[in-house]
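Next come two complexes, and both contain subunit A; in the first it sits with subunit B, in the second with subunit C.
Right after this comes the complex of A and B.
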């Protein structure tokens, strides 16, 4: 009897969540439509051009996939650091450092194509891990809040990479024949780029497949291995972990490095896939994808698999927005839509959390 | 029913003088199968200190919480000054002039004394007026506190005074104190009782003093109600009674016999303990399972906590460590949990030195711990029962680092059955369990891997009667199976009824230790209060 009651209540709970998500998404879309109408455009036109830009027009969904990959990688890393109780918000910088490491490796590594590709990818991971590792080390060595350091290191990264792009011994393309050669790195050799796949007139690089593999693998590691268990223990109650020999510092540093590492990997993939800036590192290379990836993680709420649909939606908004010009709506309107969607997807869990806590409190009060 | 009610309400008017400040009739509160309070009657009369005496879990606190509105009674009625009232929450109670000082302080440490007193005021806070009022009150009742001191800088005795001031400022006609002396030294208790005398004598308030300490009930009250298992056992005037008869009614048996009187099998162990030291165990006595040698620790602020602390636990014994809270017990448990580094000294387990800088070593080598605050270092609320059970021995669920869910859940199901943990299954999140069942999860995990030593710190705190009995039985049977048990408790009764040897901790040191047969309440009390006889 009791267990039946439990199952019923969990079913009711699930349908409640779905209902709340449906409501809040509807409200977000409604508000978006109102905003579009308010600026004098037609919302059906906007909707159609968003779909054209992200899916329907030839070659567009390949582009969408290309944008989704870095967002998803950043989100994977974010979830790993959140698991252990650390807040990493400097992915934008970690991506950039990762991409810089990758570009340097790509320009200097000896050997044949496939080896260089691997080294470029690994170099990206190492770069990102190094950058977030700095914040992690400061956190455990001197108790500096990682929220601050990760964020501030974004600016440092931008300036350092900017410096590297001005000097040939670092990243600047030494090819004097290349016209507008300021602040541009050497292009990756054609045989050290990630191969591209072509299906139904859309083409995308192998990074898409790599990203899917990483998402599946991360889900598995977090839920099915002792590594994930230990990360979770430290995140939930570090003192219990310490008692049983699970070191907070070790797990925290590991998670922090992995977190930045995946952001760096995202940077390396952007460089090697050719979806952005034609296999070169340029200033402003990361085009805010680090921040968007952070939003993806926020919406996916610790569920790695949920990253896939969320990243696709956000990437769709991004690629779709480039088709908006024809409708007479400023393309930035998609940023507003994106913001509203993030809010819409965050509100239901918050409502449930508040309600649960209120109920629990009421229960505790009636008990004591 | 009706007859009784009539007789007592009319009784109030028949007696000369005003009706009692509070009259409670047939108050009942039932939690599941536990009758916390079963048709309890109590009258609090102005000008009197009314002692409510009983063991832990007798229902004293529940009764008082019903008077203050923290717990709603299932049945029964309450009248204030003869008028029937319903008290839904502490605000109702405050309006009726009932105030309570709780066992656990509810002070904001970062704020000053007067700020704490002003907390909860709805109107604009007048700094000068509140400070003056605090100073005035503290002078009036001999509660010497500086209104501008920060609470975090005050010792516990002073904090107790602040709690009392908070209550008195609202000018309550009825004042309830729940175990007010549990953290006080004898002198501090003495001062508290003097203040209470003033409150009662000069201002004609009614005071209810809840305690499980015979001496202070005898010393400080006018009238006594004795509770046991949720019911009133006896009522008497303090001047007509003595410690022995009070103890008899409180415990329900001769106090001298309370030693391991929880189940029949203990009769044998009783005999064993007494005969062994004379015959064969002289050489065993020399061997300690767990030995602490010259342990010193300091807090983060550099305050010395343990000070050259020495202790040895033998096989199969329960060593009861008594002491007023805050004399280094929590630091001791942290050291034995591997959560704190020692600044000098070392821990020996079976004669082997365990490095204190390698966290997790003690747990791995067989030192099990039931921490005082299980949410702090005992369980992980956000994880499942099976995951919590896995912590001490991760190989039981992870083969070469990979999850073996079936093995993990089978083990969890076994432990759930064996320790009678009431939950929906191995995957139930830990927060969904009641406090007693969470404590069983800790016990199950800590004792399932055959520990060498078990450290149990306040293992029965916050548990209901049934859970307390279960826990004490488990401790006894663990000791009988050869585990060395270190029982740390501020409840002298718990120590006396369970231990084979007893030590008293005072200011980070063992003041003295003795065999159970040689211990008596009075000497232990002196050792706890001042560290010497």
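Right after this comes the complex of A and C.
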């Protein structure tokens, strides 16, 4: 009897969750449609050109995959750091530093072909991990809130890379320096780029497959191994961690470095895959993908697998936006849609949390 | 040319002070509001969005009416709208305040740049108001009393905020809520309501700051107009050790650092512009590292309050 009741209530709860999510997504899309209509365009046109730009026109879904990869990598990193209860919001900077390390390695590493590719990717990871590791170290050494340091280091990273791009001994391409004085780094050699795969007229780089592997691997590590378990214990209750002999500092630092490392990896992949800026590092290289990746993680809510669909949707909005010019709507409208979607998806879990809290309190009060 | 000589050159030039206060003014507007929000326990990072939307609304208001006062009022309203979303999401629905703030920053960057491309408001810097006698003070007279007239709002806003936080019941409750929400709750204060209200105050102030940025300093809107000023204002509050005095000092300091990019080349000094742009952030990180144990933040800063949960 009791178990049937339990199953019934869990089913009811699940349908409630689905209902809430559907409602809030609908409201977000409705608001976006209203904005589009308000500037005198037609929302079905906008929808169609978004679909054309991200999926239907030849060669477009390869591009969508290409911009989904960095977002997904950033999101993987973010989920790792939230697992231990740290808030890293500086992925944009970590990504840029990672890309800068990768570009430096790519320009200076000896050897050829596959070895350089591996070094470039590793360099990206190390760069990102270094940048977030700074914030992590300050957090545990002097108790400086990591939310602030990661955020502040974004601007510092942008300026640092800007400086590196002005100096030949760091990143600036010596040939470009004499030519039109463009601030770009040396182009990766053709044999040290990530190979591109071609399917049905769409081509995308190998980074897509690499990213999929990393997502699957991270899911496994976080849910099935001791490493993931330790992170989880520290995140849930650090007192318990202490009793178990799990060092909070060690786990926290590790998670922080991993989280920045994946952001840096995203930067390195952007550099080596050629979807952005033709295998060169330029100013403003990360084009807000770090922030978007962070949003992906927020929507995916600690579920690594959920990153894949969310990243694809956000990447679709991004690539689709370049087809919007024909409809007469400014392409920035996709940023609005994206923001509204994220905001809307924050609501259902919050509502459920509050309701559960109220019910629990009411129960306690009725007992006394 | 030695280092000290350079410092003396800057300290003895009137334009250096004028530029410094011009940059600092926006920071003060925003930081005063942010200070109230942080005293109530919210680390409000959507301040960037509030300034940006305030600036955009200021441009629209000026575009429609050619009246700067309307622009500033609209800026305040726009800041209030952003703060409404932030407050309702983070202190009614208990969504994470950083998550909400970050999303709002991105959302309103999209909204303003989208609307700007659609409506293209035109605006310009408003006229200066020079106060007769005070303006004649050497060096700092022009800096404090010869600025575009909305600057004068600062002389009202800062004392008012001080009075509001330290001399009213509301302010006492706000501080109590930031220090120990459990105790405040038991003594009958609606914790989340006070926190929401202080975020509204932050929205009003930063919206005003945004409108000032547009009408008193830059003149034309574009989507990169804020350029991290919101974060610098947030950082000034921390740098000032969560006191109003320290916050304003922090704003003046960071304002002068920002203005060096303009004033130093004029005096014939070359400097590394990247280092200058990142200096406020580096200084804050170093200051937080050095004084982290000596300065005490509000007891429950950035911790959400849900009754019955610690």
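The rule is simple: the second predicted complex is superposed on the first by the 362 of 368 C-alpha atoms of A that agree within 3 Å, B and C clash if a C-alpha of one lies under 4 Å from a C-alpha of the other, contacts with A are read in each partner's own complex, and residues count from 1 in each chain.
As a convention for this text, contacts are C-beta pairs under 8 Å (C-beta built on N, C-alpha and C of every residue); 3 or more make two chains touch, one makes a residue touch a chain.
If you're wondering where the values come from, they're calculated on a predicted model, not measured in any experiment.
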Contacts of A:23 with subunit B and subunit C, given as first, second, both or neither: neither
Should A:351 be classified as contacting the first partner (subunit B), the second (subunit C), both, or neither? second
First (subunit B), second (subunit C), both or neither touched by A:332: second
Would you sort A:152 into first (subunit B), second (subunit C), both or neither based on which partner it touches? second
Which of subunit B and subunit C A:224 touches, first, second, both or neither: first
Partner chain(s) touched by A:232 [first = subunit B, second = subunit C, both, neither]: first
Residue contacts on subunit A - larger count, subunit B or subunit C: C
For subunit A, what residues appear in both contact lists, the one with subunit B and the one with subunit C? none
Which stretch or stretches of subunit B touch subunit A in the complex? 31, 65, 70-72, 337-339, 358-361, 363-364, 369, 376-383, 387, 390-392, 394, 398, 401-403, 424
Note: in the complex, subunit C contacts subunit A through residues 43, 45, 85, 89, 93-95, 98-100, 102-104, 106-111, 113-114, 117-118, 228, 231, 234-235, 238, 272, 274-275, 277-278, 281-282, 284-285, 288-289, 292-293, 302, 306-309
Would you tell me which residues of subunit A are touching subunit B in their complex? 2-3, 6, 223-227, 229, 232-233, 236-237, 239-240, 242-247, 365-368
Which residues of subunit A touch subunit C in the complex? 35, 39, 87, 89, 138, 141-145, 147-149, 151-153, 155-156, 159-160, 162-163, 288, 291-292, 294-295, 298, 330, 332-336, 338-340, 342-343, 346-347, 349-351, 353-354, 357, 360-361
